[in-house]
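Before I ask anything, here is the structure I am working with.
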Amino acid sequence: MSEDETNSPSPEADSLFEAPPMGEQERMVEAILFASAEPVSVKELTERMPHGADPAEALVHLRKRYEGRGVNLCRIGDAWAMRTATDLGFLMQRETVETRKLSRAAIETLAIIAYHQPVTRAEIEEIRGVSVSRGTVDQLLEMEWIRFGRRKMTPGRPVTFVVTSEFLDHFGLENARDLPGLKELRAAGLLENRPPPGALDLVSEENDGDAAVEGQSELFED
Amino acid sequence: MSEDETNSPSPEADSLFEAPPMGEQERMVEAILFASAEPVSVKELTERMPHGADPAEALVHLRKRYEGRGVNLCRIGDAWAMRTATDLGFLMQRETVETRKLSRAAIETLAIIAYHQPVTRAEIEEIRGVSVSRGTVDQLLEMEWIRFGRRKMTPGRPVTFVVTSEFLDHFGLENARDLPGLKELRAAGLLENRPPPGALDLVSEENDGDAAVEGQSELFED
Amino acid sequence: MAEIPFEEDTMSVADRMAAEALIVDVDGFEGPLDVLLTLSRTQKVDLRKISVLDLAKQYLAFVERAKALRLELAADYLVMAAWLAFLKSRLLLPPDPTEDGPSGEELAAHLAFQLERLQAMRDAAARLMGRDRLGRDFFARGQTHEVTRTRKIQYTATLLDLMQGYARIRTRDDFRPFVMDRDAVFTMEQALERMRGLMGYAGEWTDIASYLPEGWELDPVRRRSATAATFAASLELVKEGHLEIRQSETFAPIQLRKKDRHS
């Protein structure tokens, strides 16, 4: 911390309107993230810290500091959280909460939403080849792993489903682009919304409107 | 961490019955203390850590590591816990914000405004079938989830209510038209399944394609 | 007739899923595509190079077997069977140049694509669930109540709350006909008020029917309500000591008389 203090913009850091030195800011971010079980966004950090503070920079320092430690700094979307290192899970049996077992249908539906988002119910059904049960969507909504996204610009303007930041947090993902194998699947064309041959033009229109081909990607591009 | 490894009691640390290097032990203690809801005693640490580990020594190292940081290692009786540094307590104010569920009346009022905006108080009352208390509207105004819209060109020129961009932000919506319609609510299991006489057929998806100007009222008109 | 429009909400998610599983679960399969995917595994080749013709044969055999077992086949299984039979004929017969529409090969290629995509999603799902997970492999802060300084109440709601709220209102609207129609109801309060005015004249035993309000005697529904209310009001007045009531035998007229205070 002491070396950071030399970066301090001003020697009179006590001044009411001066941002605290970076070392102090790092301590503050550390304390806030440490105390919170939920991820904290940069925006919220800025609001809570003294005027002029730059939590984004402090986060860079802090992340480095916790590298390789028993507790790590994790990014979840535009929020940050401290989580125990995954290799130490074996010590935590006591802390483990028994999670509800998801049905196979729910797991597949979740994966399809994650990889194809934003995705409509009809598209999920097309991929699974079976209708999506109400209970399945219900359960995923209740767990707050999925939510309604914006409507698709296709006839009927169906609503779409997308995954939430709770989903990302639960699976230790920084953002939905980090989903395992996403690139390969896309390269193999398996995330395309390919209309069946001979289908009406109505279906292929989907591709012009809302960039359905890209699916997943643009929702999380900032 | 690397310097701690020299403290490791034995060079053949790979042996199955050898305690992990002190650096690893420190990480373990760190993770356990972080994730525990209660302070953890040395005895309990010993039980949870691999055979031969010396948590008492790891605690000494860990305490030193956290000295002057935003989080400190504290001894409470014969147990240990991690606590945010006392001088940073002022940052924790947000942690004590008590979140409460909006009342049912407020949620219903808010839902009506979102789905029917711009909507007058009289219209809200007509839809809910009960009068809307001033407190409810005031609360929603204060939360900045609703605001006054333009006046209606009807006798008395009543004010209308619309939802705000803070509302959209909170619910992760791009605009209020992204709210799922009755059909979709039903499909997601949020509505009970019995088709009410006649009402539903009118809520056709196609209607809302260019409904922007009038707001959304006609979408749900029966 | 549903008095409780929300009765279905009381069904838990698990119940609902169980109910749906009965329809979908044919011999442990989740839909025709699932069956095809399983069957295709026996071919042990790249899904893109799979013999759709063989697959169609195997599927049709599966459907036959399922029928023999008297399994209730869901409609989508039969639709798929019909479609595969059609595809099979297209693949076997030489293409008819006069015919519009996609060729058998195109249809077969699309089916292969669908199978490959479903398999890819299954693999992806397995990989996803195999990841380190919060609360199982890594953990959040265990003790988060640190400081108690300011208590500010912040109201919150989720989109789900909002939608459920709206759904509740709309459903209530749809069921408005169940609101009781009060037109044909004569309340006991009304009857009491009326009787208090009239009983001063009832020195002799009088049939209770004569106390019914005017205009309520003809319509049977209104008469029933008025009779019940008047009878209940009479009992109330008897209890208060203002009236006497009698009935000579079962189904005989009920008669009322003002109670003599001095007797």
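Which chain is which? They are A, B and C, in the order written, and residues in each are numbered from 1.
As a working rule, a contact is a pair of C-beta atoms (placed from the backbone, for glycine too) under 8 Å apart; a residue touches a chain by one contact, two chains touch by 3 or more.
Since the structure is predicted, the reported quantities are computational estimates derived from the model, not experimental observations.
Greatest Cα centroid separation from chain A: this falls to C.
The central chain here, found by comparing per-chain C-alpha centres with the mean of all protein C-alpha atoms, is B. Centroids of chain A and chain B (each the mean of its C-alpha atoms) stand 13 Å apart. Mean C-alpha position of chain A lies 34 Å from that of chain C.
As a whole-number value, the distance joining the C-alpha centres of chain B and chain C reads 30 Å.
Contact with two or more other chains is made by residues 13, 16, 139-142, 144, 146-147, 158-160 of chain C. The set of chain B residues that touch two or more partner chains comprises 31, 34-36, 84, 92-93, 95, 172-173, 179-180, 189-190. Within the complex formed with chain B, the residues of chain C that make contact are 2, 5-9, 13, 16, 139-175, 177.
The touching residues of chain A, counted against chain B in their complex, run 1, 26-32, 34-36, 44, 48-49, 68-71, 82, 84-85, 88, 91-92, 94-95, 121, 134-135, 137-138, 141, 147-151, 155-159.
The residues of chain A lying in touch with chain C in their complex are 34-38, 81-86, 88-89, 92, 95-97, 99, 102-105, 107-108, 110-112, 114-115, 127-131, 133-136, 138-139, 141-142, 144, 147-148, 169-173, 179-181, 185, 188, 190, 194, 196-198.
Those residues of chain C that touch chain A in the shared complex are 13-14, 16-17, 20, 24, 30-34, 36, 76, 101-102, 106-107, 109-110, 113-114, 116-118, 120-125, 127-129, 131-142, 144, 146-147, 158-160.
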